[in-house]
Amino acid sequence: MTSVTELLAELLLMPFIAFVVGLAMVLMYRKIAARLQRRIGPPLLQPIYDIVKLYGKETQISHGLIHDIGLVMAVGGYVAAEIFLPVPGMDGIADKGGIITLSYVLMVPSLGLALGVGQCANPNGSIGISRALTAMLAYDIPFIIVVFGVATHYQSTSLVGMIEYQQIHQWGIFEMPLLAVAGLFALQGMMGKQPFEIYVAPAEIATGPMVEMSGKYMGGLFVMQTFQLYTAGVLYTSLFLGGGANWFEFLVKIFIVVAIPMSVALVFPRYRTEDMVRIMWKWPVMVALIGIAFVL
Amino acid sequence: MSVLDDLLLFTALASVAIIVLRRFAFISKFSVVVYVLATVLLIKMSALGYGGEAVYSSFTVNVLGQVLQWRFDALSWFFALITLVVALFTALFMSGAWGDKYRKEHSKEAYGLLQVALILNVLSMLVLLASGDLLSLFIGWELVSWASFMMMALNPDKVARKAAIKYIVYAMAGAMAILMAIAMTYNMTGSLDYVQVMQGMAQLNNSQIAVLVSLYAIGFGIKMGVIPFHLWQATAYAETPGAGAVFMGAISARMGLYALILVIVQIIGLTRVAAIEIPYTFLDMQNALAWVGALTTIIPTYIALKQNDARYLLAWHGVGQGGYMLLGVMIADSIGTAGGIMHVFNYATYQAALFMTVTAVIYRTGTSNFSKLGGLVTQMPLTFMVMVVSIIGLAGIPPMNGFVSKWLIYRALLLDGQPLLFVAAVIGTLGTILSVYKLVHNTFLGQLRLEHQDVREAPLSMLIPMLGLAIIIFATGVMPGVVLDWVAAAQIAIGIAPVEHNLGGIELVQGGLNMIWVTGVMFYGFAVGAIIFYFLGGKSKHIHQYDNYAGGHFLTSKVRYHYSNHFYAGLMHLIGGWYRNIFIKLEYALVSLVSFMSQLSENFYRSSQPAMLVAAIVMLALWYIMSADGSAPVLVQGLQGGMSK
Amino acid sequence: MRNIAGLLFAGGLAFLLLVLASYLPYGQTPMFLGDAILAHAPGEVHTANIVAAVLLAYRGIDTLGELSILFTAAAGVGLILGHRSLRSDSAGVNGAVNSEQHSGFITTRAVDLIMPLLMVVGFYIIFYGHVTPGGGFQGGVILATAFFLPVLVRPGTRIEHGVITLLEGLAGSGFILVGLWAMFYDQPFLQPIFDSFLGTGPLGSLWSAGSLPLLYLAVGLKVGSELAGLLVTVSEVPELSETNISDADDINRK
Amino acid sequence: MPAIEVVLYSGAIGLSIIGLTGLLLLNNVFRMLLALVILESGVNLLLILSGFRLAGVAPVILPEQLSNLSAIVMNDPVPQALVLTAIVIGVGVQALGLAMILRIKAQYGTLNMLKIREQLEFDLAVQSGVATPVSAHSPVSLASGRERQLSNHKDEQ
Amino acid sequence: MDNIVLLVVLPLLAAFLMPVVARSSEVVARTLGLSVLFISIGIILNVWSQSGQIDSQAVSIVIGGFLPPLGINFYVDQISLFFALAVPVMVLLFWPWHRATSIREYSLMMLLTASASGLILSGDLFNIYVFYELLGIASYSLVAIQGRVSAVAASFRYLLMGSVGSVMMLLGIAIIYTQTGTLNLAHLSLLAPEKLNNMLGLASFALILTGMGVKAELFPVNSWVPEVYGSVSSNLAALMAGLLSKLAVIVIVRLLILLFPQPEALQLMGMLGILGVLTGELVAWRSRDFVRMLSFSSIGQLGLIFLAFSIPGEMGMMAGIAIALHHMLVKPALFMLATGWRGAVENLSGVARRSPFVVLLFIVLILSLLGIPPLPGFWAKYLLMVGLSSQDGFIYTLGMIIVPLAMVIEMAYLFKIVMIMYRKDNDEPAVNNSNIVDDSNIVDDSNIKVVQKHSKWGLAIAASVAAMLIAIVLQLQPASDKLLSLANQLSDRNYYISTVFPQIHTVRMQSIK
């Protein structure tokens, strides 16, 4: 049990690291996208510029209290989620919740966003939310199967316990390759990136959840996105890649985890929502179930 | 006179009093007092909730060689507590503005009858919970069924009437299955007393147990609305008049779970159930029941997703949530059972709160149809808040109480190594999240309709119970240990190892749960989020909802700019074809079959020649008798033998 | 279809009953009851005709029941045929027409002559019922015939039912009263009564058998009057043809 | 086996079956009543056979037999008494049935059992208010009346 | 004690005398019948009070002074005394009170009373047949004189069925007599083990069952029920469904216990009972007018009774008696309520608003009929189910499945009516209600509204039945004790034999046992 000061430090540090690493990931994502599209890509600090720009806007349009609170929930939920994710040297409160709790805490931002968008009274936003929730339904099912397999394999629901196990034995990806593949697939959906990002629809903003988001609302979403990428990477690393013994190893792993699907996915066209559901419920579920059969 | 006597007698007398006084205006306050006093009497037995000895009633009836007796153990106490608390909140809810309106819209008599139905429901449930042997269990069971029927039948609309009659037919079928099972139990074990039956069960073979379990499961399952008996419940509960729906939706169907736990878990024992293999499948009977629970979470939840009326959506969720409880109980380890039992409490609180919010919305706007609602959050913020708290509970998202019980169930499934069940449960949860968002979005979010511009917040008398329930939902979510104490006592009572818990949740080596921490961190996260939001960046300004992005159009109050119809169009595009109304068709086929048989029989009774029947039956009876004596060839020989004699 | 089923059932029943009958003992039945009665009856009841002893003494209540059945049937027939749909036009048209349809002089006179003789025969058979084969039933039927013959040859004449009613009522109550008489002396109901006046004569004489001849008389009168009443009632029904169907009380007519 | 037994028993059973077959196959109610009479006589014959002794005489004691009563084989008197009773009962039933036939004929105008049943069912339906009465003067036939009644059923279902 | 016989004789006397007396004084004649009924009730109450030992000691009453095997005896035990009491009481309750009633109809009612009492009391096989025939003819006549010609037609079909049935019964008696040479039940019971426990005995049972079954609404021979109940007045229907059917059942049961204690006989009866339950309830489910529904429900209930009695052992006996007595209470009350509710059930729409009390009464009655605890009907059904499940045979297992199904169907149609009653008036237009005819009268009154007022008398009967049901609930313990003693007395054949033949008690008991 960590002492109180240590814990307080963790409470501050863990989200902050997550934010910084997440920013780097966003940058990486943009760079990869640019390279694949034969562009140069943004400068190093571009994500920070973006955030500052968004927060600094003069017109900040609110559609009501829930609009604000929704955004607070969206960001706050991820901030809380980071504390459930053990990183080298810092366990946060990972032993108090575990993977199931984490999965459900991760739904809080979605719910917050949904509530906030709903308050905007813009049907385009609502349509986006309805698609987002459908997408959640799509990727959560393979994801949860993977979680089940992993938890059964490690005989634990605690992330800390899982990492310890992997560090003693070997990485989960070697013990459960099929589950790892399925998990990667689900991760793709979870990150809300190509080719499963129709609900965000950054190019056709009129039909996405962001339709009424401007200024710092958009900025909040940007922050959320950084957390989102970080969370996905860390979660996958903890489940399959043995966490990290030290920070270097850890960072390399999570960047690779995020980079691979990004690079692969960017060459694919975008899927419609129902196609996404169909594809998510078909391949990763099938692979994961076979994987579970091996685990059991 | 034990405390149990006091409680039952008090409730019975209160029922009489309410029946007599039902037309008076003060009845609403009176009934609140009644439930408070009853709760106080129940709390006097609170030792039960912490592992105390069972309380017996001093009143017994000796009939037909059976001794009917009544008693309370920890499980009954737990259910009784939920019942009385929900009843108290319901009474509080209907005592104020809602009751006045109901009185005005219908009649004093109608309101009085609602109160009567409520107290009769409570009384019958207490009698059921207090039952000390299978016969008194059955009596209590039937009383509950008919009290529920009375409650449902109070709505004079055609839909409601149909639903009520459907319910009572289902309930009768269930009761008959139970009666069959009880009769068989009596003959197999020689007694109906719980203890003796429990001992007698040890001597039975597997096929006997299988028959008993299936009959009991069918009987109790019908009340719970498990697959494939789920068709009656949602409409019946949704169409019950407002406050009645709060009570019915929250607790009524759970009596089925109580009886199921009592009989199948406690008396028969899940090890016996698990020992029964179902031929041609990989399942044993326990797994089969668990699968019934899992299917019950999925199918009704996705039916709920399609509903376009808040009451129906909630009622369908009620059916689905029952599946979690069954699933949890059927996992049979201490964590799963704890989850199942605890879910009853959690479910009761948020379901009551949800029905209250919907009733409040109906009270203010006159409708619960999604197509006619929207944007009420600005008008009814507190109601909205209660609804959000409750749907977070319903969806099983931390930090509300629904999460804890679901966590326990998932955890047990994980440890038990039941991947498919686990996935099924999660699919149910995801469906729940989708549909509760639909509920909250279509009711409170989005565009406010013109006719609802001057809708006000729900009156205080309705807000108080709603807020009270919301506080309970949150508090027991943060400190599930309060409820888990009772659950653990109940587990001991039914012969299962109690779950190891503390105030914040579960202590487990392989990953526990501490809700105090979880909640703390979540609120810390929200605080950080709030700081980021409120202290960085410029000040935001509020705009009118018509001042919205509309692709260049000007929005006016005449334009409906709200997305509520066909909410999950994309999803439905994919899974819409999977709704095949199989069970409705099945039900219809059954009715058609009965109708066909009925016509056949009627033709028989219309025979043109009366003597034909006499001749036929004499011949057949003689033939039966004479061939029963020997066999058909003997008949011919008999003729010869008789001749040659 | 119905015919086939009917034949099937009847044929099957015939076969089964024949099988049953083949098992029945013939001519050597265990006559527990019969032997005992044959042994006891001459001593106990003093009747030469043992069947009469069975009918009136041993199974007297059966006979009472049977009289009641006749009475019931007569009452039922009277009520059913007394309905105005059958009565309405009989008095007017039919009566007038039928009065001309006498059966002819010879028949009428012959019947008038035979009638008293039949009466005598009937009463003889009744009174000697306990001594010879015969008795109230047989005699009663002859009495009824005697009563009915004049009606038969004079169609359309209306008989006053009063006498018949009176007779059937009194005869029936007579039977019961004889039974109750025994109860008056603290004997069981229908116990035959032997006292100085009734039936102390030797077996085979008219004055033997106690109160049984009284009972037989009641039976005879009862049967006679009931049958006569039945016949008369039926004979009073107007001739029915397809044309004169009345539709007095039916709202739906073809 | 004595031939007389076969004759008597098959006669009794034959009579019963003839009566029964008549009841089953005939449509005319009066003939059915007559068939009932035949059926009853068959059974009565069977009943009286049960008291028959091979060498028995009628159970009437003649004065000259009084001395050696035990030497005489008498037939069982009980079945004879029973049959007497049964015959009278049969008469009662037949008289009642005849009266009913007369009344039915007078008002339904038919002796056909099938038509009587049709009419009866229709009457019952009308009385209980689930069918529409057909007036005496309406040209609608009985059958169509029934059909209308049936179609009424359908509409309301 | 001997004056029990007056229960049969006095009504007969009154019946004979009524038309005679009516010639001089109508009033005296009309009161004659009633006074006889009151005297009968008085006699029974007197017997019950002065000799309380009837509960423990049955009595055999000799008629004509000839001891049982030779003469005819009446057997009086608890159950027969109870039914003998029920006969005059129920006849009194359902007496045709109209001024227009012919004196002969009163006469017929008295004959009905006498035959019913005789049937239940008699201890002689052929005597039972005679009383059964008397009962039959009296009821054919009573049905036929209910006014409309449809009643006559229904009665004729009833008569055909009934008399073919009773001919079959006579055939059965002939076979028994040929086998045993005696007719006294106790004597037959003594001889039964050696003489009747064979194919012939069973065949005669089948024949007798069919014959008696006509009146007892046994499954295939009950097609008269809907026609007759549909065309007679509610009073008569109540009497027939409530009382007469039960008498026939009790007689069959008595014969079954004393003469035919064989499993095949029980199975035959059980099978027919099951079919009766199933078909009765199914057709009732479909029928669209109230009386017809009640008729078929009655068939179903009688099927239950047969099924219950077909269960060997004490449990079945108790169940049978309980269902029979319960049905005897409830069905007449329902028929009484039907007086005001004749006609299509659709027309009952909104009745609850106009007469809430009556509807409440109706609900209590049908709840008990359905067997909803804690009403008495439940205990009867509970006994039935326990009894059924205690047996192994195919038929009992089938019954175990069919009975609950039938109950569900019964519940569905009964509560369909209740829901119609609670419907708002303007919900759906009622079916044409112009053609409904008042039930109880001979006069042409063809345009009376369907939903009329109930007669006060009928309501009083229904209310007192409901009160009795509730009283039984409150006195469950004594009631169940009483039931047990009734069942014990009824099912004990040695007790019957030793009561009728006290002299052979000691001698034969050993050999029988």
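Letters A, B, C, D and E mark the chains in the order given here, with residues in each chain numbered from 1 onward.
Assume a residue touches a chain if its C-beta (ideal position, glycine included) is under 8 Å from a C-beta of that chain, and two chains touch if they have at least 3 such contacts.
Quick caveat: nothing in here was measured; it's all calculated off a predicted structure.
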Both-way neighbours, i.e. chains that touch subunit D and touch subunit A: B
Chains in simultaneous contact with subunit C and subunit D: B, E
Distance-maximising chain from subunit A - centres being C-alpha averages: C
Interface with the most contact pairs, given as the two chains involved: A-B
Approximate Å spacing (C-alpha centroids) for the pair subunit D, subunit E: 24
Approximate Å spacing (C-alpha centroids) for the pair subunit B, subunit E: 44
Distance from subunit B to subunit A - Cα centre to Cα centre, in angstrom: 36
Between subunit B and subunit D, centroid-to-centroid distance (C-alpha), Å: 61
For subunit D, residues contacting two or more additional chains: 16, 20, 23-24, 32, 46, 49-51, 76, 78-79, 82, 85, 89, 92-93, 96, 99-100, 103, 107, 117, 119, 121, 123, 126, 133
Residue list for subunit C, restricted to those that touch at least two other chains: 2, 5-6, 9-10, 13, 16-18, 20-24, 29, 31, 33-34, 37, 59, 62, 65-66, 69, 72-73, 76, 80, 85, 250-251
Residues within subunit B bordering two or more other chains: 606, 608-609, 611-612, 615-616, 618, 622, 626, 638, 643, 645
Chain pairs in mutual contact under the definition given at the outset: A-B, B-C, B-D, B-E, C-D, C-E, D-E
Complex interface listing, subunit D residues touching subunit B: 1, 6, 20, 23-24, 32, 113-114, 117, 121
Subunit A partner contacts - residues on subunit B that touch it in the complex: 374-375, 377-378, 381, 384, 388, 392, 395-398, 403, 407, 410-411, 414, 417, 419, 422-423, 426-427, 430-431, 433-434, 437, 440-441, 444-448, 504, 510-514, 517-518, 521-522, 524-530, 532-534, 536-543, 545, 548-551, 561-563, 567-571, 573-575
Interface residues, subunit C side, partner subunit B - complex: 2, 5-6, 9-10, 12-13, 16-23
Of all residues in subunit E, those that touch subunit B in their complex: 157-158, 160-161, 164-165, 168, 198-199, 202-203, 205-207, 209-210, 213-214, 219-224, 226, 264-265, 267-268, 272, 278-279, 282-283, 285-287, 296, 318, 367, 370, 372-374, 378-379, 381-383, 385-386, 388-390, 400, 403-405, 407-409, 411-412, 415-416, 419, 422-424, 427, 476-477, 480, 483-484
Touch list for subunit D against partner subunit C, complex: 2, 5, 8-10, 12-14, 16-17, 20-21, 24-25, 46, 49-54, 58-63, 66, 69, 74-82, 84-85, 88-89, 91-93, 95-96, 98-100, 102-103, 105-107, 109, 119, 122-123, 126, 133-136, 141-142, 145
